[in-house]
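Next come the structures, one after another.
Presented sequentially are two complexes of chain A, the first with chain B as partner and the second with chain C.
After this line comes the complex of A and B, so read on.
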């Protein structure tokens, strides 16, 4: 028992393979940034559609958000990687396939656009109607009001919630090894096949994820704090 | 109810015309045929109990509420709708509605300043985004307008750091900077502490003196009596009493108007 405990706390093996693992971490970051940008772009359109004056847009966007918010990322990833290419190939009658990286970005991007669109919707709805009416009364177009009045305020209000969505997204990048994206978990299972010492390897991976997320979210909090507070005392 | 007919609008005619205006929310008819003309430079005050339709009427004048029927004209040009060659009326394009709104300033009960912009930015925003002015030119106008409401020293403060009275004066400056033809005041002092209403009323009094055409919804009867050229008492969506401040305050012929005045004047 003490022997296994020492093994799990001794992370020297993890350190030994630090370059391979760093390359894996880089893959996680690539997937995170790409999926994050995709999710943010989609979420903005979906979130805006959910508060649109047009009923059709509201219905379609609500359906989209509900579908992807309530489907597990893991199932989405498998579906996008294995099923989507079959579907597209059949429809277009050509060979079609997705690289593991693209499939991972697409699946996670779409999944998190569902969550983030809720944040966007709530952020936009939190802006008092009077702010919009003031803009209208001065002759501003709805687009100008959105761009200059609503979104700048909504973004500040959305930030803490969006940050926690992005933390979840980064954690979710650990499942991309399932479609053979060479991320941390993929590299570690490769090393484990060779070394047969899962305890230090997977403990190290858990600690590394935690460390990266805590460091990133703390620095974002510090950086954004002053900006968010400006004018809101 | 018979439709009231008003003489045609000529170049020297009223700057603002409201003709047989009706507005329903669902089955609830809030405005039931309102007509009046506002001559250039005049101050029209609308009084009445809460729920009488005062605010809805004001919000119809710049099309924040779409009238159910009836017409609004600013300088003879219809607001919010177009008349086709065959006489039918259609809703106007959004860009045209915006163009007309830019000529009608509005001040809200809740100020509605944009909290992420400084006082000066609040004032210059529409000058830049709507009128297309260069930033420097907009800031020059913005500072002049803030000076007019005695707030030049607060130009770089955010609204949260201003008192209610100061915020409302910034809101007035924001509307004034656009050089509107008409200013609408929707209970501009109703959400202010009593000691702060004076500074806002003073700005409004000054504007009236300078010849700004104003439509004012207010509970400040002293102000209404002193500044107005004409007072309308609204009751259940209809004009119940209409005349000079003397007519309405000193010699009201309507029993309802008498009762209302007795209740608010105490």
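After this line comes the complex of A and C, so read on.
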């Protein structure tokens, strides 16, 4: 085996800095959970607006989803980090700044709410119209129908797709290092500055991400299959 | 704001146009590579039993690793281990191609596996060898059915290509950040660049949708798509 290949696969350096790297990975998880919650909340409202009876709500929410689905996450992140604080400061006439962490959560949350709202919309539209009509004929209010008939069924159908969106979100958290959130890639660059050994560090990072995400998506596949067999999804 | 737009965006239009050209060049090259590599990986996975797990490993690795990690990995590790790429631009192209080839391989596979079995059987019934059935019957249909997904993958690649600025490839995003760091007036430049990206990607997605509708109408492909 050539020397350089052996060097890149020598993960002892990775092991030596395991605590630093684990802290970085935790930071990724922290961003992931916060952005995921934000995205989920936004997506629920946007997705519901997209099937609303009011035309204005439909147009606005469709515009929102199209806009953020088509914006590169990195551009959005940089925009939120650099431009948004200035705009808000001007608007409120006070000094306003965003921490890198908040900017990351906001940018990723908004970006993925666009993708997730599509899933929510598809889930709601997959519920047969007859279910809503049955509810209406029983004299239930639209809100009650939504809460007790449509959403419980829609959520089950959405789950596999939504979970794979969350896997993409976790992958996307790797870009937050670019606005100096101390995540795993940030820690690895710092260790690299200190040790000057990029080969094992970046190979290890790639393998680590690969491992985490393959494990996550495989368990999602297994879970979705189980859901399908039970007739949930 | 109009003032700043005239001061920071208009004089730099040449620079931004060049950045856009670099973005287009990188995406076009990487996409062409991704289609070829993706097709090869998919064919190996489906039809070469001995190398099947190698192909699966490659596809999973390509799909499961974030693009930024691949960029840094190709940029820092490959020149020492494999002796290439010598230029950052090629590092960016290779990383983008790896990522997309994984997704495209899965797209092709779902197209091939989704094709009705009767198509193969009809080919065998008239005495065609498997390779000719694949070339004449399976591949054209799969490409038609998957055309929208393939174009969508190009849109995804343009989105991902914003990250190549991180390894100092002078693409559109890199030039924008350069102007921002020079004058520290981010609003107009970053917003303009965001608009350019959004319009480009929106345009590609719109084409994908048109292509999908066209094929659906012309060949009735939705029946087994």
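Note that in this section the second predicted complex is superposed on the first by the 215 of 233 C-alpha atoms of A that agree within 3 Å, B and C clash if a C-alpha of one lies under 4 Å from a C-alpha of the other, contacts with A are read in each partner's own complex, and residues count from 1 in each chain.
The rule we apply is simple: a contact is a pair of C-beta atoms (placed from the backbone, for glycine too) under 8 Å apart; a residue touches a chain by one contact, two chains touch by 3 or more.
Remember, it's a predicted structure, so these values are computed and weren't measured experimentally.
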{"item": "First, second, both or neither for A:70, with chain B first and chain C second", "value": "second"}
{"item": "Which of chain B and chain C A:133 touches, first, second, both or neither", "value": "first"}
{"item": "Chain B versus chain C as contact partner of A:149, first or second or both or neither", "value": "first"}
{"item": "Greater residue coverage of chain A in the superposed arrangement, chain B or chain C", "value": "C"}
{"item": "Partner chain in contact with A:157 - chain B first, chain C second, else both or neither", "value": "neither"}
{"item": "Contacts of A:58 with chain B and chain C, given as first, second, both or neither", "value": "neither"}
{"item": "Overlap of chain C and chain B interfaces on chain A (superposed complexes)", "value": "none"}
{"item": "Touching residues on chain B, where the partner in the complex is chain A", "value": "62, 64, 94-95, 98-106, 108, 110, 112-118, 125-126, 129-130, 158-161, 171, 174-175, 178"}
{"item": "Touch list for chain A against partner chain C, complex", "value": "2, 4-5, 7-8, 66-67, 70-76, 78-79, 82-83, 86-87, 171-172, 174-175, 177-178, 185, 192, 198-199, 202-203, 205-206, 209-210, 213-214, 217"}
{"item": "Interfacial residue positions of chain A with respect to chain B in the complex", "value": "128, 130-131, 133-142, 144, 148-149, 152-153, 156, 230-233"}
{"item": "Residues of chain C defined as touching chain A within the complex", "value": "60-61, 64-66, 68-70, 72-73, 76-77, 80-81, 155, 158-160, 162-163, 166, 173, 177, 180, 186-187, 190-191, 193-194, 197-198, 201-202, 205"}
